[in-house]
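Beneath this line is the structure, given in structure tokens, with notes to follow.
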């Protein structure tokens, strides 16, 4: 037989084998749930977590706090604490713990000792925990008995139940575990009471969780959950199409194509963050109120949001996202009005127009917004000069007020203090806006426990912001999750955070 | 067969002196004619000249400003006013490809010249002092740098120095100089035995003079061939580093960055990735064909055939 | 034979020492204070001080170099600033993936390339010869990361049949193999054409050699002559190229691992570069370099196995 | 005379190199009897090596046999299929040894491997069902080496070719080429590349083994001295044609062609001691631009007008003594004296 025929046969065989392999691509095996996240988690220690929102989906699988947001809403419901009584002077709270709650990996039952240890380790000055600020009003925790703990405060703590206890710094860790392996190792090998426990963590590759069969609550329906850190949206989109992940995300522009595709289900929620076009008020041109108002009328917020978020996000009218109790629902909605803008400019003596330096970070959304702002502002004779800066340099320059205008976004929690505190202070207040009434309102809000009074304080604060017009609110952005349609996604929090323990395969 | 007119006076001169004696433009013409004769050389030459023209005259050739954004018409397909379509910010891809030539050519020539100058100098010095301590030190240096996988070392250097066009050239040059060094050293070992070198030594010329006047010109032929081949690799690595976000800073138009954006929006508009990929491929083919032609032209053995 | 291997191996030691010194000195190129650069936005003063102390950054240069070399000798490559894992354990996890990727891509490409080249030489006038030249040109033209992008575009985006993510479930060979197809093809594709052309050319020379005519004179079957007698001689130039190529391959692996989000040394280094996690970058490059040097050594040794004349010079 | 082992008649062969057509063999006819040694002599480029390759059909691609027959034991080798040539002829009945022993053996395989491969192939063809194993072939190879006088063959067999000297390698080739089954050995400049002392030993070895196995030899060389001792009959070739053929002592004694005479005069021997050796003026003509008529006439001291017009046919000028020179045929035996 001719030698070369044999060679040809071998090559064809090899190619056939490869193709055969490819068709046997096992669609994501049934009992494992694969979720794409942005970046990898840096530590599993709730007290030492830095970038909060992204890692809460994983942390809420591993830990419980005394109380939690009810899955799918911001209502506070009992978690490890069955009930609690707030002292009349609001300076202390007594929690009655659930009995027979086991820690992961056989570290025994959760008791008041663990509660005391979990909070005092954060406020301990030597430990240098980044969450020290959240608990600065907590003085100490008293163990009444095995299942009762009393938190004692230096002053009334308004955001205790809204953004402290139910968030990561409120999670209860196993005292025995932390003492046994030390804080640093605990960051890599967390022991909590949550529905899942950590199976394996390969930095920048995956976080594998396995269902905790000793869990005190109702067992999760899916027993293996894997989080894959995928930086590029396109990689997540491709992985969704090839069926390698169950839940992923996509670039805003492609959300429509996933919506149309029957194989996928798209879930979008307004994100708990706010983008705004800020103006530096302590130097020209925006030291004049009229010019700030003129700029507000010159830009077209609807256009900006449509261009940058491809119709997946709505415009924002004030600093707080809708859905929060102290959201100022009747905040004015400013439509583009070139005539009004020009009149205001004439009143301020700048009828011939003026120049505005606009700094932005390098990511695409801000770039697109800047372009649209530049085009609209030009209609009113305002010449916007865009300068793209690397993220670190942008934050420095904006905070020091080196620019006339900037596009910035802050994430917030359901507690208004978390985002509004910055505009009363010195650091991270890029517009350099100083307003004594506003600062007074924010301080009062921090220690007002009565919800109605607290809401009114924050609404008044928002009114002050609108009056001084140092920011043009753009949007709260949106968090979009795309899931394979063979999965019911269970409850999703209003800001898009997921609850894997409520999910199941259809 | 037309034989080169060799007059008696030129007999006995070293090839390099021969080259230097004739005006260097003649040598260039002779070499280029030889390269063009080689089948691939012609096409390689044509495409490289197109690239050079684009690089130098980008502002006149490209239909529109590469950084002009047109948000409303982004991700547009190829059309009459945008031959290659537009990218995610509505910029014209065709103009960006043309401006991309500029980066590719700057990096290729910059890195190659820098690494060859350093490499050849060290190579010749070590070859000339064969067996002495400095020779062993230089060989040791060559071997160390050569044992790094090139792109990984370049990547680390750029990461440390901070991404910019200049740092990319430095990083690529640093990883490549040993190759020129070794070629130069090998050539020097053979050339330094030649009589014209011995004659120069006999006349008491200082080693540095001997190296620059007599040795270096005579070892350039193989080095020049390496230059051609290396330029292609440098272009690939620049686009690779830019692809990783470690090369040129946006918004400058570099093929690597366009590949990165193509990758980021691979689902939205697949063709955004094709144009830079095509540009890189054509540049690579052109340079390898041209340097193949160069090798044949400069290799005396091949020329007789 | 052993003497030859030992001689080659001994030469590696001073080279690696030089490699370590260069790796160490990279930190000096870093603008500004290395510790705060590594910590980036999370750089609270205490963390910076603590890191300075841990990496001995505050001591004089020779002392630091001493600590570094001592550490490497002990196998302690430091801990990742970002994730707190020991660098050596991160590398241990990443190495098998890169090695598997490199071996499959180079192995399969060499096998197909050399066989194709030999096949093209045996069937001298067949179109295969032309095909091989074009393939080798394409191989040179399309760099591995562009090939990876195009392959992903074709087989994961347009026709989503092959996975585009990760290295497959550990322990499930089919899944691992399926996740290898595209990355290995992207890395290997350049080599098939190049090795085919190289083998074809050297095969054509070898087939005209006297000892081939002797074999034909003694009626050795044509296939044995081509694929055993001639091929063993013709494959020699390819082996040196493969040895050197591992360096280029490791470079390519960086991109392929990033594009296909595969764990491996390449991705480890690049992720560490983005996170400014310098101990991991240094460790990763060191391992990649050792891999490359070992591959060169392996090529030299296999060279001697194929061509016995090498042992004695 | 016994029936000839090999009978070549009117063999004509061209090399087509690009647009040039080279007439390498032009109407070659001769016979070779069993056990006889026929010497083929001539300057390099006269086509004598092509003759051997044509017989064994190992010609390069560019060669094209135009006419002629090669009868071996009555069968025309040119008509045999490639399989038949491999199964019956090559390496068994007809074997060949080449000029440059240095690269006649594959450098990357042991001598043992190469020899046992050949022995296994021959065994497979000769007795298809045989169950001989590698050990037997290795033993057979060692015996072959012993026969050729290689010291300590047991150890040397597992060496590589580069560990052997030129002479030793030729001995290995001879060991392979000469065995009981060999009827015809084609020796193409077998000892030209060796130094004189080794050359004599090798040639004696060839003659001894050939005699022992009754193998006839076609010994191609440009060295007439060697042929004078070894060859029974001699054939002198020039530019692809036979100029003279006959018994060795006749051709040496009374050459019937000026070219043969010239070759003999340029040969150092006892008689020519002290005299200046002849060197024939001019060069061998390129095979694609042969002179008209007798292709030697431009260099022939005795050439006349007719030598330029007519191509001299090879005619029998004496008993078993042929020559292709018009002058010789016209004038009968001549003493072609150049110096």
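The first chain written gets the first letter, and so on, giving A, B, C and D; residue counts start at 1 in each chain.
One rule holds for everything that comes next: a residue touches a chain if its C-beta (ideal position, glycine included) is under 8 Å from a C-beta of that chain, and two chains touch if they have at least 3 such contacts.
No experiment lies behind these values; they were computed from the predicted model shown.
**Q** Considering only chains that satisfy the touch condition with chain B, which of them also satisfy it with chain D?
**A** For chain B paired with chain D, the chains in contact with each are C, in label order.
**Q** Please report the smallest number of touch steps linking chain A to chain D.
**A** Between chain A and chain D, the shortest chain-hopping route counts 2.
**Q** Which chain lies at the heart of the structure, taking centres as C-alpha averages?
**A** Here the chain at the core of the arrangement is C.
**Q** Taking each chain's centre as the mean of its C-alpha atoms, which one ends up farthest from the centre of chain B?
**A** The most distant chain relative to chain B turns out to be D.
**Q** Looking only at C-beta pairs that count as contacts, which pair of chains has more of them, C-D or B-C?
**A** Per the contact counts, B-C leads.
**Q** Which whole number of Å gives the spacing of the CA centres of chain C and chain D?
**A** Using C-alpha averages as centres, the distance is 54 Å.
**Q** State, to the nearest whole Å, the distance from the C-alpha centre of chain B to the C-alpha centre of chain C.
**A** 24
**Q** Compute the distance, rounded to whole Å, between the mean C-alpha positions of chain A and chain B.
**A** One centre to the other, that is 48 Å.
**Q** What is the distance, in whole Å, between the centres of chain A and chain C, each centre taken as the mean of its C-alpha atoms?
**A** About 40 Å separates the centre of chain A from that of chain C.
**Q** Of all residues in chain D, which are in touch with two or more distinct other chains?
**A** Touching at least two other chains: none.
**Q** Please list all residues of chain A that touch 2 or more other chains.
**A** 238, 241
**Q** Please set out, as single numbers or ranges, the residues of chain C touching at least two other chains.
**A** 152, 157 - these are the residues of chain C that touch more than one other chain.
**Q** Could you list each pair of chains that touch, in label order?
**A** Once each pair is checked, the touching ones are A-B, A-C, B-C, C-D.
**Q** Would you tell me which residues of chain A are touching chain B in their complex?
**A** Per the touch definition, chain A meets chain B at residues 232-234, 237-238, 241, 250-251, 253-254, 257, 307, 362, 364, 367-368, 371-372, 388.
**Q** Could you list, by residue number, the parts of chain C that touch chain D in their complex?
**A** Spelled out, the residues of chain C in touch with chain D are 209-211, 213-221, 224, 229, 232-233, 306-309.
**Q** Show which residues of chain B lie in contact with chain C when the two form their complex.
**A** Residues 140-141, 143-145, 147-153, 155-157, 159-162, 232, 236, 239-240, 243-246, 259, 262-263, 266-267, 270, 273, 277, 280-282, 284-285, 288-289.
**Q** Would you pull the chain B residues touching chain A in the complex into a rising list?
**A** 69, 71, 75, 88-89, 250-251, 263-268
**Q** Quick check: in the complex, which residue numbers of chain C touch chain B?
**A** So the residues of chain C in touch with chain B come to 11, 14-16, 18-19, 21-22, 26-27, 29-31, 137, 140-143, 145-146, 149-150, 152-153, 157-158, 246-248, 250-252, 254-255, 258-259, 266, 269-270, 273-274, 276, 281, 284-285, 288-289, 292-293, 296.
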